[in-house]
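Contents: one structure, followed by commentary.
Going by the order they are written in, the chains are A, B, C and D; count residues from 1 in each one.
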Amino acid sequence: MLGRPFFWIIAVTIAVFAAAPLGGNVELRESLLLAAVYITLASNLNLMLGYAGYVNFGSIVFFGLGGYFCVYFMGSLGWGLAPALAVSGVAVSLAALVFGLGILRLRGVHFALATIGVNEAVQAFVTNFEPWGGSTGIYLSPELFQPLGGPAQALWIIYYLLVAIMGASLYLSYFVKRSKFGLGLLSIGQNEDAAAVLGVPTPRYKALAYSASAFLPAIAGGLYFFKGAFVQPADAFDLTLSTEAIVITMLGGQGTIVGPALGAYLYEELRGWLLTSETFANFQLVVAGVLLLLIVQFAPDGLMGFFYRRWPRLRRIFE
Amino acid sequence: MSALLEIECLGKSFDGLQAVSGLTFAVGEGEILGLIGPNGAGKSTVFNLVNGVFAPDAGRVAFRGDNITGAAPYRVARLGLARTHQIVQPFAGMSVLDNCTVGACFGRENLPLARAREAAREAAALVGLEKRLDAPALELTIAGKKRLELARALAARPALLMLDEVLAGLNPTEVAHMIEILRTIRGRGVSILMIEHLMQAIMSLSDRVVVLNSGKKLSEGVPAQVANDPAVIEAYLGDPGMVQRRPQ
Amino acid sequence: MLGLLASLVDGLLVGAVYGLAAMGITFIWGVMDVVNLTHGAMIVAGMFGVYLLVAATGVPAYAALVPILIAGFLAGVALYWIAIHRMIGRPPLMSLLATFSVNLVLIGLGTAVWGTVLFNVSVSLPGFSLGRYTFPGTHIMAAVLTAVIAGALYLFLYRTRAGKAVRAVAANREAAELVGIPTTRILALSCGLGVALAAVSGALIATLFPFTVLSGDAYQLKSFVVTVLGGMGNPTGALVAGLALGLFEGLATPFMPVSWTLVIEFVLFVVVLIAFPGGLISIGRRRPAVR
Amino acid sequence: MRKFWLATAIALSIAAPGLAAAEDTITIGMTVSQTGPLNVDSVAQLRGAEFWRDEVNAKGGIKAGNKRYKVRFVTYDDQSVGGRVQQLYTRLIVQDKSNFLFGPYSSGLTATAAVISEQYGRIMLVGGGAEPKTYQLGNKYLFQCITQADYYLAGAIQALKEKNPHAKVAFVYSDDPFSKAVVASAHKLAEQAGFSIALQESYAPSTTDFSPIINKVISSGADAFLGGGHYPDGATLARQLHEQKAGLRYIAILVAPDSPKFASLGDAALGVMVPSQWEPQVKYKPDFGPTPEQFAKAAYATTKVEPDYHTASGYITGLLLQHAIEQAGSIDPEKVKAVLDKTDVNTFFGKDRFGTDAKNHGLQIGHEMVLAQWQMKNGKLSKEIVWPSGAATAKMLYPLAEAH
């Protein structure tokens, strides 16, 4: 593994994220933090979308539930950050396993619709679930930042934890792709029936991938909502974010390891530019839409797919 | 000769149409058994019932003594039963080597990735694809895809190989090559259950032949015996398509 | 008791409109095997169509339905050629993403132009009173028009040559091609019809409730629920399921907080999708979702 | 990593001393819901704040010690979405270097923005976040300039008690932090007043079809209706109550009827009441700043829109900040904060005073509300103060039918 160039490319990416705002550049930190969240969401989505070929439109439910668990554990049960994050991750993975056992019997479009249904059902439920504050959500006291050395320091700690989660996501993508498990997923993505006939335990693999793709986003959600010290259903289960994750994955190249990261970086740059541009401030969705339409119509394997076709040798380096 | 695969009273209907009924036969250890019959006789359905693509309505399937009736395809594959498809089903976007590696990884020996690659290379070499290991499967010709289909099944190192018309659509040279390959495989002690329309080929390869018609067993025996069975002749004469299916 | 009856009637009236909205999505699904994710945006387009026509010309809202139907049809045909045509025969995921991207563009443009402010088409029609309860005239009118449109769709599908061609393509595209039906044109036509249905249902909804650019999401989700309950690709099923859903909402409200009905609807959606992929109300043909 | 180099370059270039130009401006940052469901009220609030800014700048800026500061606003559209509020407030602080912050509109958004202002230790004055819980979390830099949610319906309930001590009340309210907080305490007050609660029902803020709920109100036999949320749902609710002839004798709806836009509902607006933070007709005597009448006239002349209480609350956030800076003689946050903590003033907006104990820091404990009703006056819809009787400009029309 250590001999693979890509192993080091990931390491360098993480190092850049870690070092860039070191001079105390809070603005850059905030921008990179968002990029790290996007990369985490997109590369975990890629496990299902790119590898196994299952479109999870509602992947945001993992992020949101992770946020809810974490904020609830900390705010209402008085847990520390570390146990709250760990338990949130595990709890959401288990929840994903349960959802997965049901909806993974569906394929293609039916599966995609079901993931939207799961997200909406969870959102509607949480909106009515009083222990989690119903539609108001849960607010954390600013005092919860004290154990981390006050709010200013807490923000740095949260940032580095998120970068670590991002790194873990990239390495997860990498190791899965290079493993037997990943080979099984890829074969499911190509032709599920043929994969089953060749002995790939498809139900187990899909459920595992679905559950695994929930773990890191859940922790990222926990950190993200802890940072904001509040969580409410409309933000936690906002389908826009999971669709952005799809756009990002498709833009970078589904099924590749770098694709989601590249897509996330480009998308966040573009978004930042659109957000501040006078003329285009309101056209963020339009641009995302046109971009996706072009990709789907003309370059369904995204940027990395395009590069790999153009320069096949790149595939050796990056995959 | 002990039975490797035993099929008893197998039955399946789709929307009221009886595709297979009361079918009983067995494949012995080291045997090549040909499964023939006119179009729509239910041959591919038998394959699908045996390897778990469909669950049978009635009957029992046992493989090496284990009851595998209605077991999921991946369980059946793990026990050492590999098959090919009549219409090739390659993993189009993956390389030839990766295609074969899937077979090796998840087949009978459940090999770890590195050793599976070796098995995959061997299987690819056996069918003559060793030069195209890195090519995406979709770039292969039809004959190439058929060979890939076979290599993928072989890489699993199965005890029983079920071949669904591996010779169809190949030209005479390719057919001859494929028959060569099948003999080699058999030489390695792998049993084969094959569906084939090429009479010459199947009659020369098979130890025994089972003839299906309308989902029922019409005849069974060594090739010469079956070829002279009046019931078989009648069934085939009722099938004018036979003429076109002779090798060109 | 009267209260229950009132809830029931009100539920049915609104349910008819749900059914109409879902017919658009289920029609495209049935004929083309495409889930049209622009559905919500097209509903909103219908809403704004009514609003703009009424504001610009002062015609009564119901007179605006005809131009909206035509414009919806043209938009649907355009949608087919822009986004869907190249996706036919590709994995279902691609058409899903293609229509989704058009949805993003439309919603983005709408938001840029109109913001997300509430708009209102005021229509005054005399209502119908039942004791202390009053059913707004607009609700009754919407249900009646839904019946008319559903009837027209039925006549089109079963009594016209083009309609028969549409059904043939839905049943088996290759076979239809072989017997000389211009399938591509039929697909474009079907897409036009499906979008026209969405636009008209949006126009009707606009006469009932205020709306924003983002209102389409809620109706699109509701249409999914209705579609899944009624069996995908089954317009009659959609209408029946729409009525059933409206009835459920009407009848449930007296007994539980309104906000819980959404939870039940979405749970039902997922469960039905998994357990009865052919739909609960399978009057028409079944399409296996699980192979 | 372009941003990184860019940022480094900027950092180096501004590290150079002698920034004369920046010194006589203070930057105030806020987000505004230019779009989204909160847009009507949020934009009204911004109008008030901008009116204050222009007035101050026209007079040469805020005087602090021997310096004068011009006021500069940086605003972003939060689209009424909580998630964006945090990003944008971070940006306002980090990138736009805001000295002070004004709150966004609505309790939900304020609570989320407060996290950021606390994290970075910036003073934030709130003109549109009434829900009290946010001020009880231990925030130190947050100041609420308007009456908190617990008291919103207190007036409406007392007024109702005078008219009908045995009222049957239906609470129908938006499922958002503000409306929930309002109704939670109103429910208690209504029980204390001896009313029977015929119905308590919340709805999603995005609801557009209220007919099932209205049927429920009718079935419950309620004669008084209290609730609502923000502009879109409140306006729709009033319209559909009218259309479905719900036959209520008393309707008080939160927030929405206060906007001049509410008059566009026509007949459906008649007789509807709204708890209001401020009305142009109030008669407060200010310690400083304009009188209510002066404010209403000048605001109308400048903005061309009738000022509602959101406009007034936008202005008061500015006025209170200005007062605090002038008193402190400095823009040093700690000094300004110390003055704000001690604030106890009367303005055109009424009384303002902030809680100072740790558990209620920044909570408004001075300001009082009035109750206004839409009535027909000289053939035109007009909003009149009907309670408390001392401030009233018209008699309350009860039952509702009398307004028609």
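Criterion: a contact is a pair of C-beta atoms (placed from the backbone, for glycine too) under 8 Å apart; a residue touches a chain by one contact, two chains touch by 3 or more.
In this text the structure is predicted, and so the values were computed from the model without any measurement.
In terms of the distance between Cα centroids, chain D is separated most widely from B. The most central chain, judged by the distance from its Cα centroid to the centroid of all protein Cα atoms shown, is A. Inter-chain contacts peak for the pair A-C. Centres computed as Cα averages put chain B at a distance of 48 Å from chain C. Separating the centre of chain B from that of chain D, both taken as means of CA atoms, is a distance of 76 Å. Chain C and chain D, compared by their mean Cα positions, are separated by 39 Å.
Centre-to-centre separation of chain A and chain C, using mean CA positions: 32 Å. In chain A, 127, 135, 193 are the positions where the chain touches two or more neighbouring chains simultaneously. Residue positions of chain C with contacts to 2 or more other chains are 111, 257, 259, 262. Judged by the touch criterion defined above, the protein chains form a pattern that is neither an open path, a ring nor a star, and not fully connected either. The touching residues of chain C, counted against chain D in their complex, run 3, 6-7, 10-11, 14, 111, 115-118, 127, 129, 132-134, 136, 139, 208-212, 215, 218, 249-250, 253-254, 257-259, 262. Those residues of chain D that touch chain A in the complex are listed here as 1-4, 7-8, 11, 77, 81-83, 86-87, 90-91, 94-95, 108, 111-112, 115, 118-121, 133-134, 137-139, 175-177, 180, 202, 204-205. For chain A in complex with chain B, the touching residues are 178-180, 183-184, 186-187, 190-191, 193-203. Remark: chain D residues 34-37, 39-40, 79-80, 175, 201-204, 206-209, 211-213, 215-216, 218-219, 231-232, 235-236, 243-245, 247 touch chain C in the complex. Only residues 51, 53, 72-75, 77-78, 82-83, 85, 89-94, 98, 101-103, 105-107, 110, 112-113, 116, 152-153, 156 of chain B touch chain A when the two sit together in their complex.
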